[in-house]
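This structure is in structure tokens; I'll ask about it shortly.
Each chain gets a letter, A, B, C and D, in the order it is written, and its residues are counted from 1.
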Amino acid sequence: MITEDVLKDIFKPTNLKWRTAITKVEANKLLTRGHLQEELVGNVSFAEMVYLLVKGELPSKNEAKMLESVLVSFCDHGVTPPSTQSARLMASAGSPMHACLAGGLLAFGKNHAGAIERSMKVLQEGINKTRSDMDIDSMAQIMVDYFMKREEKIPGFGHRYHDEDPRAPRLMELAHENECLGRHSELALAIENILFESKGIRMNIDGANAGILSDLGFDWRLGSGIFMIGRLPGIMAHVHEEITRESPFRKVFEMDEIYYDGKEAEF
Amino acid sequence: MITEDVLKDIFKPTNLKWRTAITKVEANKLLTRGHLQEELVGNVSFAEMVYLLVKGELPSKNEAKMLESVLVSFCDHGVTPPSTQSARLMASAGSPMHACLAGGLLAFGKNHAGAIERSMKVLQEGINKTRSDMDIDSMAQIMVDYFMKREEKIPGFGHRYHDEDPRAPRLMELAHENECLGRHSELALAIENILFESKGIRMNIDGANAGILSDLGFDWRLGSGIFMIGRLPGIMAHVHEEITRESPFRKVFEMDEIYYDGKEAEF
Amino acid sequence: MITEDVLKDIFKPTNLKWRTAITKVEANKLLTRGHLQEELVGNVSFAEMVYLLVKGELPSKNEAKMLESVLVSFCDHGVTPPSTQSARLMASAGSPMHACLAGGLLAFGKNHAGAIERSMKVLQEGINKTRSDMDIDSMAQIMVDYFMKREEKIPGFGHRYHDEDPRAPRLMELAHENECLGRHSELALAIENILFESKGIRMNIDGANAGILSDLGFDWRLGSGIFMIGRLPGIMAHVHEEITRESPFRKVFEMDEIYYDGKEAEF
Amino acid sequence: MITEDVLKDIFKPTNLKWRTAITKVEANKLLTRGHLQEELVGNVSFAEMVYLLVKGELPSKNEAKMLESVLVSFCDHGVTPPSTQSARLMASAGSPMHACLAGGLLAFGKNHAGAIERSMKVLQEGINKTRSDMDIDSMAQIMVDYFMKREEKIPGFGHRYHDEDPRAPRLMELAHENECLGRHSELALAIENILFESKGIRMNIDGANAGILSDLGFDWRLGSGIFMIGRLPGIMAHVHEEITRESPFRKVFEMDEIYYDGKEAEF
């Protein structure tokens, strides 16, 4: 019998360069994950579009609202992050917008946006390893012990600017309201309980979103990408602010703030 | 009298490095454009957040829906754009997600996402120069003549893959429905009329969004940034697809597709 | 008659993706600009290789020494430039080396490395427009007048850290010694004479190298690229220093150095 | 007693932002690793400058020649690498030179330039673990066994385009001539012997340079950075070629080379 797959294979081009299941491009037709783009535009939210692009299907209304909250929560952290600082330095140096935005993203290294990916990985592994006869609090204790023994920080907890990151409890509250609070978030909350009692450390935005995104079924390797989608508008706003409010190529640092401790001239 | 501005000035730090009106960061408090972030999260849409970050105030509901449609319309164009191709090549080469996304953005040069900025600039200049005694059709004619005389393409019209870009009429329809169709979009439509009659050329997504974003009051220098915000999820989906479906460091090109026409070895 | 070009055309692949005259890649054979790479390695200097890659032929010994001096002169400017600052911020954020180096380059905007390109463009246009009956001093005066009238800075003169950029006179001296001091450098020197007498402004490294590279026959569009080749080792050294000497994700700025002057919360 | 270090500490600024031992910047004075830049320019080669910047002292003449050969050997590999392809795609899209070069570097992921770092790491660990009573051939055998058992490729051996990478034996020859062939290169050669006899696999450019750079005392974390310094001129030449010889925003891929295997439209 000639199935759809057989037919697809017959019409598969011989000099294949790229294969994609995301968008079919034909003259005057753009089909994304089975939907014509002109039907998506105006009918789905940005968060639904993100979900559709990555996962291949539209989310439920609650999932869509949850993902939208996640994206909004990443919006901006002032000029404190190296990503925003780098983008503004590039803007001041006269680079065009697309180069400044790209430059901002390049600062999302493993110590910055990387934290959410590691947090998702840890939570997903924790849940995968939770045996059916084990409760989540026990797994949380095992995980805390593991990290404490190695004197490592658990990604997603503690923040260099906030004792109580105001975004984390709000996100947990929304996860509850939107009926999206699943086992990964429960694990994150259980870890927070232990860490807060023993060390006064609370969940941060990365921990909260790591739990939520994991409960929404996102691969942990997408964590920093989703962070970047949420943060890009903030970086753009900062680049625009730098260009419109500051003088070009300004000296952000005074010379006496840069300390040379290398070799002096030899005579 | 001691006004708020005087007070602000008194408390202004002396060793000022950065000045921003976007987000105030204090311990356990994040205030963006006058709103606590925990009040924004869950209450505003992603599009509202973009608008707030850039313009400093929340949009009307119609404006928010319009901007959301603009962002969704930029979602993806398959593997045809150099931005998506570059990001996938980098993913195949084993670069981490944030480097692949940054790399994708670097391909948004003046011939790619740059088109929307030039289109916005042209439309905004057109409207600014439209005298009160002149109708928009006359301005459109002046502009078409100007570009034709110089044998240049008008940015925002014609597409290398589509005679009729299916996104453009949908966006114009939504602008009408959301009562966001202002003078810039009218100018774009008037230009399309002339170009279509004389050359069969239609408005593309850049022209439609250039009109809409200009009517929403966005500085033309933000055009490509907004394009990038809309497109980033698509690039992320492609990077993830490359990593999960293809073998690493694959040869996208066969050796016989690369042609050397330089000097041969001398003997 | 069957010429080499006809033969080349016959063997030209039909599904051509890329065309290049730089390097021919065959199994076990790499031919760059007509030279086998194993014959280049160990026999040509790095500067000769740069010249060969870009211009298609090897330079004279004097030209090679001159280009080497140009490359060395770009080596480093401490932590003052935004390129170095950005690369270090990214390193601190935990980005891998290749992302930090790329990020550093993204700060080479029109106000930073862009100056050398504009300087080359200006000098090359100046020489092109110097009529045979006109001496270089007259052209220099015309150019200075042009810029002064528009209240614009002439690219390549004046430096935000140095009254007398120590690299510029050294480079001019070497151009003289290597018999590479041609009309573009003479024009730069003539401009300096006028600017120094009238305003106390001297040539900077960009002006000196713009003259030299123009005299060596480089397209002005390559100016910032050559700057970046010369500076990349410096950026790499800084990234390595940041990683090996500083704690990760350190706060470069104190919170009181970032000043918020936006809206306060509304109650 | 007041030592130099005590004095340095006294004059250390209190609001220190950056600390560097690479270059001291003062008005009209640039001191790099204890040498005035105007004395370096014209007197040291580019390779010597690279060595000085990173290691803090000048190399011997033989070491300088060796490093120069390493840098030259990385020059170009035509349009086959994703780095060069990405940079050309960005150039075609109309991005400025600095963005194209940065974009090229972003493709140097762990499967591309990353190989040299892993090769350096493996060789350095191998030598560190070679007990005094063990010869290098035994260590090579242990390492080959380790990788084969895990069915992993040893970084630095085998090439996707060359059975016999012509650059590798040339580099080994030069290491011998320059008296720079130390234990790391010996280990690489010993591994090659085993791999070639058992599987016909030879050392590639990464393996050769990994041995040489390790023998020159470079930290393995600098491997890909040194690769990038060597390759940047090649990428620049390709960007310039794309801009000067090809039409802007050309379609590198035909539509029938991109295969959509996702969902069809639902009716």
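In the analysis below, a residue touches a chain if its C-beta (ideal position, glycine included) is under 8 Å from a C-beta of that chain, and two chains touch if they have at least 3 such contacts.
Since the structure is predicted, the reported quantities are computational estimates derived from the model, not experimental observations.
J.: Among all the other chains, which ones are in touch with both chain A and chain C?
T.: B, D
J.: Using only Cα atoms, superpose chain C on chain D and state the rotation angle in degrees, rounded to the nearest 5.
T.: 180
J.: Find the chain most remote from chain D, comparing centres computed as mean CA coordinates.
T.: Farthest by centroid: B.
J.: Roughly how far is chain A from chain B, going centre to centre by Cα mean, in whole Å?
T.: 21
J.: Could you work out how far the Cα centre of chain A sits from that of chain D, in whole Å?
T.: Here the centre of chain D sits 31 Å away from the centre of chain A.
J.: Specify, in ascending order, the residues of chain C that touch 2 or more different other chains.
T.: Within chain C, residues 15, 17-25, 36, 78-80, 85, 95-96, 98-99, 102-103, 106, 108-109, 161, 252-253, 255, 258, 260 contact more than one other chain.
J.: Based on which chains touch which, is the overall arrangement a line, ring, star, complete graph, or other?
T.: Here the contact pattern is complete, since every chain touches every other one.
J.: So in the complex, the part of chain A that touches chain C is made up of which residues?
T.: Residue list for chain A touching chain C: 15, 78-80, 82-83, 85-86, 89-96, 99-100, 102-103, 106-112, 114, 160-161, 248-249, 251-253, 255, 258, 260.
J.: Help me check something: in the complex, which residues belonging to chain A touch chain B?
T.: So the residues of chain A touching chain B come out as 17-25, 27-30, 32, 36-38, 40-42, 44-47, 49-50, 53-54, 65, 68-69, 71-73, 75-80, 85, 88, 97-99, 101-103, 105-106, 108-109, 113, 161-167, 169-171, 173-174, 177, 219, 221-222, 224-226, 228-230, 232-234, 236-241, 243-246, 252-253.
J.: Considering the complex alone, what residue numbers of chain B touch chain C?
T.: Counting only chain B, the residues touching chain C are 8, 12-13, 15-26, 31, 33-36, 56, 95-96, 98-99, 102-103, 253, 255-266.
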